[in-house]
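Chains here go by letter, A, B, C and D, matching the order in which they are written, and residues are numbered from 1 within each.
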Amino acid sequence: MSRRLRLWLLAVGGAGLAALLAAACLDLPGFGGRAHPYGTRAVRASLARHTANTVASVNFDQRAYDTLGEMSILFAAVLGCVVLLRQARDEHRERPRPAEVARPVRRYALLVVPVALVCGLYVIAHGQLSPGGGFQGGVVAATALHLLYLGADYRALERVRPLGTFETVDALSVCAYLVLGLAGVLAATAFLANTLLPYGTFDTLSSGGTVPLLNAAVGIEVASAVVVLLANFLDQAVEIEEGNGG
Amino acid sequence: MSALMQVLPYLVAAYVFLTGCYGLATSRNLIHAVGCLSVCQVSTYILLLAVGYRSGGTAPVFSDIKPGSRPVVDPVVQALTLTDIVVGATVTALLLALVLQIVKRHGTLDPDELRELRG
Amino acid sequence: MNGWILAATVELGGGGAAALWGVTTGPVARRVVAQNLTTAALCPALLLLAQGYGRPAYVDLALLLALLGPVGTLVFARLLHEDLEGRRPSAWGLTYAVAGVGAVVVIVVCAATGPGRAMVKLLVIGALLIGGNLIASRALSGGFQGVRGG
Amino acid sequence: MTGVLNLVALLLVAGAATAAVAQRDPARQALVLSVLGVLLAVLFTVLQAPDVGLSQLAVGAALTPLLIMLSVRKIRRRGRGRDGAR
């Protein structure tokens, strides 16, 4: 098919899709309407279980089974990246020369890494109270670690990042999520049901039954998954060269 | 103004989706195509959150307000979007890994050249 | 009418449009500077929104932006340094002006919050925002001269 | 008042998305994508979804640009290695 014909086909298809989408938009309930039946019920259920952040309650309690699916997509995607980006037989590693970074930038990086890690942990730990949670905090903590590469040197990053440990922790935290779900079955209710632990006092760190535990498992999983992911990309971008070298 | 505001967010979502599709179809660089796909993903976030919005509402997070004191927006769509964003990022990473593998095997980033190679 | 939200709208409209224009036109060197200033322009807007909606919990967003925005700029400064060599992108006048706006917003919001834990958090955000912004500008204008192939 | 704020945020996001598609060079596209990520986070705050905003900030401000730029760097280095061998 020629490029021209393909563009025409795209234009026709796009115009049709645009018309259908516009018609669908006009039929949707108006933006900012008052009727949110699911939302009202979700908020009520969340308050009944002493979880201050309703979004965390939906993610880790009311729809915890969905989150298990999301976690497995995440895990599978990272596994795929590790397989695709592994060092091939016709490639070799070459140590990058140490980088000379301007001193203020290096100091900033070394100063901000701990601050950012604490912030990531804060976002994970307060997931069931204030905005935040495992998904966000995990990404923050993992990205913050890579300031060491950006502001200092790749070797500095490699020293604080035992890759094998992170891969194991990644798998273990997925297992922890599953085990917490199975614990619900053993306690004679249902898979991932939030009936295992007392709900605690509203708006404290230990409130919400199993929500904080599932939240922590997701946080650890996301953090180690992102570290493993970035490590593979960094290896490709910085170290791995084509050819067998010498 | 207010009649337009009733549908504008949905229309913006549709527009962003179509723009992303256009970029995806006309892209001459696979990394650029992955970026366009992430623009397509953005449209789903806008659509979901627009459906859940409520005028004068606030976030359904009760760490700093009393439950029931203010109307709140829909938390269900927010939870869907939240996980979608992080999973979307890892899927982007998987696609980029595939692109790197394609470059290694075929030595080109242009989807059109790839087709010629196969044929 | 809520003055905070009005100020946030102005900040978002002006800063966002300027950043978008800067990042889509001109040479790469100018685009990176615009990307860096996006953080500095939009973080105060987030603080103003948190104040305007009466939700101290929203301040976390500004905290993360002040933390991760400079990291994003360092990504470009490090991985694009070959394109930036010889050009030394810098717009110190603009950088200081935007940092000044950020400082003013942080001080005003602090005054409205009153002393306490919330104020400490705001001051941390202010320090991270301005420090990160200045360091990222420094990195863009030749902070990675000695980096070769790393 | 909030209507105007919603409008401004939506239009900025639409503009940034268009710009991200229009940039054909991946490195320049990554720059626009990172601005798009921050603008989206502000839009989500305006739509009263701070959790989603945090998620978008964490991913859009640093992670996605880092992934794209690392891929670009790998491909550039590869091209240079090829030229050097020839």
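Worth a mention:
The rule we apply is simple: contacts are C-beta pairs under 8 Å (C-beta built on N, C-alpha and C of every residue); 3 or more make two chains touch, one makes a residue touch a chain.
The structure displayed is predicted, hence computed values, not measured ones.
Chain pair with the larger contact count among B-C and C-D is C-D, by C-beta pairs in contact.
Taking each chain's centre as the average of its CA atoms, chain A and chain C sit 24 Å apart. Centre-to-centre separation between chain A and chain B, using Cα means, comes to 16 Å.
The set of chain C residues touching two or more other chains comprises 53, 55, 57-58, 60-61, 64, 68, 71, 75, 149. For chain B, residues that reach two or more other chains under the stated contact definition are 5, 8-9, 22, 50, 52-55, 58-59, 61, 63-64, 72-73, 78-79, 82, 85-86, 89, 93, 96, 100, 104.
Shown for chain A are the residues that touch two or more other chains, namely 53, 55, 123, 130-133, 135-136, 139-140, 143, 146, 226, 229, 233, 236, 242. Viewed as a network of touching protein chains, the structure reduces to a complete graph with every chain in contact with every other.
The residues of chain A lying in touch with chain D in their complex are 53, 55-56, 123, 131-133, 135-136, 139-140, 143, 146, 226, 229-230, 233-234, 236-237, 241-243.
Within the complex formed with chain A, the chain B residues making contact are 5-11, 13-14, 17-18, 21-22, 25-26, 50-55, 59-64, 67, 71-76, 78-79, 82-83, 85-87, 89-91, 93-94, 96-98, 100-101, 104, 112. Of all residues in chain C, only 57-58, 60-61, 63-64, 67-68, 70-71, 74-75, 78, 128, 131-132, 135, 138-139, 142-150 touch chain A in the complex they form.
Against chain C, in their complex, chain D makes its touches with residues 1-2, 4-5, 8-9, 12, 15-16, 19, 22-23, 27-28, 30-32, 34-35, 38-39, 41-42, 45-46, 48, 50, 53-54, 57-58, 61-62, 65-66, 69-70, 72-73, 77.
Chain contact summary for the complex, chain B toward chain C: residues 58-59, 61, 63-65.
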